[in-house]
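Each structure below is given as structure tokens.
Note that chain A is present in both complexes that follow, paired respectively with chain B and with chain C.
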Partner chain A sequence: MRKLSLENLNLAFASIAAKYPLYLPQDNSAGDAEYKKWEQGAKWSDKTNTVKSPKDFFFPQTEDLMAFQVSGKSIDIIDTRKESEDFVVFGVRACDVKSFEVLDNVFLTEPADSYYASRREHGIIVSVACTRPLETCFCKAFSIDPSEPAGDVSCYKTDDSLYLSANTEKGEALLAVISEYTEEADDAAVSKQKESINKIMDRLPLASLTPASFGGGKTKEFFDAPEWKSLSEACLGCGTCTFVCPTCQCYDIKDFKTGSGVIRYRCWDSCMYSEFTKMSAGQPRTSQLERFRQRFMHKLVYYPENNNGLFSCVGCGRCLSRCPIHMNIVKVMKALGGKKDE
Partner chain B sequence: MQKVTAKTLSGKAASLLNAGEVKYVLGWKKGEFDYDITPALFESAEELEKDFVWNDFSCANLSKYLIKYTRSLSGKILVFLKPCDTFSFNQLLTEHRIDRQKVYAVGVPCSGMADEKKIRENADGITAISETEEGYLVHTLYSDAPAFISKEEALLEKCLSCKGWAHIALDEQIEGEVFAPSADRFDQVKALENMTPDERYHFWQNELSRCIRCNACRDVCPACTCEKCVFDNPNSGVENKAAANSFEEKMFHIIRAFHVAGRCTDCGECSRVCPQKIPLHLLNRKFINDIDSFYGEYQAGLDEGSRAPLVDYDTGDLEPSQVFDWRDGQNA
Partner chain C sequence: MNNRAETLIPKIGVITDIRIDTPDVKTFRVLTPDGKKVFDHKPGQCAMLSIPGVGEAMFSITSSPTNLEYMEFSIKKCGCVTEWLHQAEVGQAVTIRGPYGRPFPVDDEFAGKDLLFIAGGIGLAPLRSVINYCRYYPKRYGKIDIVYGSRSMSDLVDYKEIVDEWVNDENVNVHLTIDREQEGWTGHVGFVPNYVKELAFDTNKTAVLCGPPIMIKFTLEGLSALGFDKTQIYTTMELRMKCGIGKCGRCNIGSKYVCKDGPVFRMDELDELPDEY
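Here is the complex of A and B:
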């Protein structure tokens, strides 16, 4: 375990930033935290979590995949790829680190998505333990321990120091960059912090939530549940929940005419949208109830069915915090989860 | 006068349900915490008893849901409307979007709503929020004593400049304490107008750069009721989720503001629901302010059936060139 005095934090950030683009949560003018590139003078946010998740780093909201240049009768394919640079994402919470595993199962399963794969390869993740979990946090329901965040490097921030330990080779290499500011330390302070985090976790309002009644093979049990009607009734179909969610992974690919050619790009899509997966035969889910149901069934039933029981919610609480009508996965789980197989 | 209670409202609704006067009640349903309230339809006195809530977080303007419900439901729907909500309701009637026969509109006296985001910004791990005379006590996991936030500090943006409107277009009005009008809603518009173009550009650049293109602002807006929004149409070339660059993203907001100009009642829902706290109401208020100065004071939704200045022609209307002269004269 290495220890970095918080007094030297900025020097350490500067050393990292001299080598890699460094992104960390910073407060914005709206009083929320967002990932921004570190620049001299930047301040690491004290907020527990960012409004948008860090999935943007690996699966950006919009990206160009390739371009086509038309001249006469020939079409040239132009490589527009840019994701070949190492970068550091600092201050990632345990829930968000876990979300990368959820995305990996989707994007790295053969045929792997090479854009995502190369970003994952180039990304160095520095996680940090949560000392102030929010009332909306329920990572524990998905067996995520905010006091043991994964990633290439795991950190613990105390009043005066940052404790760091590398979990991977990439992590070792990163710690080497700031070694002049760190010293060896025992884990007494870290153990103490873990203990206090665990005490808080037990007191969270959602501490007793469990997804136990969901999982693979439960499609029939939940698909026609009458509760979907009242749960989805007020839903605006805005997709805020899907855009702030670290594990939502749907996208659309389109060609965009530039005048002399075409850019093929992809952008996030949302199952909450009326045009989602529209095909020549029309839109498969014609009502908001069906679209709403899809989002939660995917997270709680379909995804675990295809991924060895892993749920595709990490309990980050963003959909609780940002849905305009305050409908969310916790309310869905509570409304449906009490039901038993008859 | 006393603040009206949830009990009074749900009691009123239950008695109308039981008497068969209405079949449904559109109100607010309580959530997991004290602030996460969801618009909901109630069909029985038991449901109301169990889940109906009315407090300073019952912010949602329910009028837009009437478009959907007056079409899909048969039977009368009781809807609770705050004074500002009644303007949206009336505007929707003017635009023939709601079947009035199916609605029983009940006016709720409002004493100012609280902005849950303002409270949460400075309080981690909220376990309870209790209302006091002067504000709110916010209990959290991280402190034994609750933190106090005054009513003024927590006030929802739209309530900051509540014009102390009375309810309009109602079937029934419930008596109770009402909020006292305060700030001028055009103060911020004037501040923006007084900026240099560069400053103004940077202001909007900073605000709109946070937009995640969720369109919640549009989806919640009672003036945005197109059956199919152009920004949802994959064939339009301007589909919002696929904004090719940040310019397109900004265009969305500007075009939307144009589209609702003259019909926007300034209900404040767009800014309230924005997950990124973008002050969208400032765009709308700029238009409202301009319409007021170019065509005379006009409040959308104030009366049913009136023609808004932008869709009405009068030989005395300003010519576009005069608008420029007028504006330049103002700035001089």
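Here is the complex of A and C:
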């Protein structure tokens, strides 16, 4: 375990930024935290989490896949892919670190997505333990420990210091970059912090939430549940939940005519949208109830069925604070039987 | 340069022949620019075709894998990409990627079985590949029965191959039907599900269905009434797709993706999935 005095934090950031592009949560003019590139004078946000998840770094909201030149009847395909450069994402919470594993299961399963794979190999993730979990947090329901985040480097922030521990070779290389500002330390302060975080977690309003009644093989049990009607009734189909969600991975592929050629790009899509499954031959999900059910069945039943029981939710709570009609996965889980002791 | 393999990046194909099958179905022959087959496939698999700037869509590969020279796609005009293709001329380049999906179990579950293929309208296109594959290896399979129906005579896809080759194949019995009486038609008249019941097939056969949902529904009921078990019946599905490899998230029926876990499903497998297709 290494210890960095917070007085030297900016010097450490400068050293990292001299070697890699460094992204960390910073407050924007609206007072919300968002990941931005570090520049001299940047301040690491005190917010517990960012509005948008860091999935952008590996699965960007839009990205070009390839280009075409079309002339007469002929077509040329231009492979525009570039190898990603090494970069550092600093200050990732335990829930969001776990979301990368959820995304890996989709994008790195053969045939692997080369765009995602390149960024994933070059991204260095520095996580930080949550000293101030929010009322909307429920990561523990998915067996995520907010006091013990994974990643290439795990950090623990106390009043005067940042404790750092490398978990991978990439992480060790990163700590070497700032070694002049750090010193060896024991983990007494970190252990104390863990205890206090876990006490807070136990007192949070969503502490009793559990996904135990969900999982693979439960399609028939939940698909026709009468609760879907009242749960989905007010859904606007706006897709906000999918855009702030760290594990939502649905995408669209579209072509853009540039005037001199065609760019084929990928962008985030949402199963909450009516066009998502629309075909010339028909539409398998005609109502918002069906689209709403798809999103939660995927996270709580279909995904775990295909991924050894892992749920496609990490309890970050973003959908709880951002849904305009205050519907969210917690209400769905509770309505369908996901609460302990009741 | 990102040197990893990438299935989303297609290959170039060239349309070398266009056959007009019906008023709204054309069959396109596709080869590489230097005249070779673009890739090999198994019966029932699909490929993504695209016209840059127009769009990309999934089509079943209509030709049999035993055709070593080229691939064919029978395509009904019904959306952006298909309308564009119907305007295309010989020599037009397209992009192509694949093959995608789980094929028909021609080497295991179909082996040694009498086969009953039942198709309606453009539903013959996905079955043509497996029918011609099984015709090519007559010793591997028992007798082949084909029930095929369409709205009218002129809507029968691939009519020339049916009357010139399939009808003359001693291993094959062809049963054609059209929805309504028509001048010049001496064959059966009536809907496919009723015709299947009339023909009263022996239940030792393995059945393969493809057609509009309403045809599938009533044909299934008919086959059940004859005594067929769901484990003897296969079909091939179609839902909207973008990636073809189970990642873009839209072609799922419950936990299964049609693009990679299908498009071929056995009826008892489909029964386990929610009724959302």
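What we mean here is this: the second predicted complex is superposed on the first by the 330 of 342 C-alpha atoms of A that agree within 3 Å, B and C clash if a C-alpha of one lies under 4 Å from a C-alpha of the other, contacts with A are read in each partner's own complex, and residues count from 1 in each chain.
Here, a residue touches a chain if its C-beta (ideal position, glycine included) is under 8 Å from a C-beta of that chain, and two chains touch if they have at least 3 such contacts.
Just so it is clear, the structure is predicted and the values come from calculations on it, not from any experiment.
**Student:** Could you look at A:N306 and tell me whether it touches chain B, chain C, both or neither (first, second, both, neither)?
**Tutor:** Second partner only, chain C.
**Student:** Between chain B (first) and chain C (second), which, if any, makes contact with A:V106: first, second, both or neither?
**Tutor:** In the superposition, A:V106 touches chain C alone.
**Student:** In the overlay, answer first, second, both or neither for which of chain B and chain C A:D252 touches.
**Tutor:** A:D252 contacts both chain B and chain C.
**Student:** Quick one: is A:D269 in contact with chain B, with chain C, with both, or with neither? Answer first, second, both or neither.
**Tutor:** Both partners, chain B and chain C.
**Student:** In the superposed arrangement, which partner chain does A:R203 touch: chain B (first), chain C (second), both, or neither?
**Tutor:** In the superposition, A:R203 contacts chain B only.
**Student:** Give one of first, second, both or neither to describe whether A:H326 is in contact with chain B, with chain C, with both, or with none.
**Tutor:** Once the two structures are laid over each other on A, A:H326 reaches chain B alone.
**Student:** For A:G123, select first, second, both or neither according to whether it touches chain B, chain C, the two together, or no partner.
**Tutor:** In the superposed model, A:G123 contacts neither chain B nor chain C.
**Student:** If we overlay the two complexes on their shared chain A, which of chain B and chain C does A:K278 touch? Say first, second, both or neither.
**Tutor:** A:K278 contacts both chain B and chain C.
**Student:** Who does A:T240 touch here: chain B (first), chain C (second), both, or neither?
**Tutor:** Touch partner of A:T240: chain B, not chain C.
**Student:** Of all the chain A residues, which ones make contact with chain B and with chain C?
**Tutor:** In chain A, positions 252, 254, 269, 278 sit in both the chain B and chain C interfaces.
**Student:** Write out the stretch or stretches of chain A touching chain B in their complex.
**Tutor:** Per the stated touch rule, the residues are 28-32, 34, 48, 51-52, 61-62, 132-135, 200, 203-206, 230, 233-234, 236-240, 243-244, 252, 254, 256, 263, 265, 267-270, 273-275, 278, 320-322, 324-327, 330-331, 334.
**Student:** If we count contacts the way the header does, which residues on chain A are in touch with chain C in the complex?
**Tutor:** Touch residues, chain A against chain C: 65-66, 68, 70, 73-77, 79, 81-84, 106-107, 109, 111-115, 117-118, 216, 219, 223, 249-255, 257, 262, 264, 269, 271, 276-282, 284-285, 290, 294, 297-298, 301-302, 305-306.
**Student:** So in the complex, the part of chain C that touches chain A is made up of which residues?
**Tutor:** Residues 1-12, 50, 52-56, 78-79, 82, 89, 91-95, 213, 238-240, 242-243, 245-255, 272-274, 276-277.
**Student:** If we count contacts the way the header does, which residues on chain B are in touch with chain A in the complex?
**Tutor:** Interface residues on chain B, with respect to chain A: 31-33, 36-41, 60, 65, 120-121, 124-127, 141-142, 206-207, 210, 212-216, 219-220, 232-234, 239, 241-244, 272-273, 275-278.
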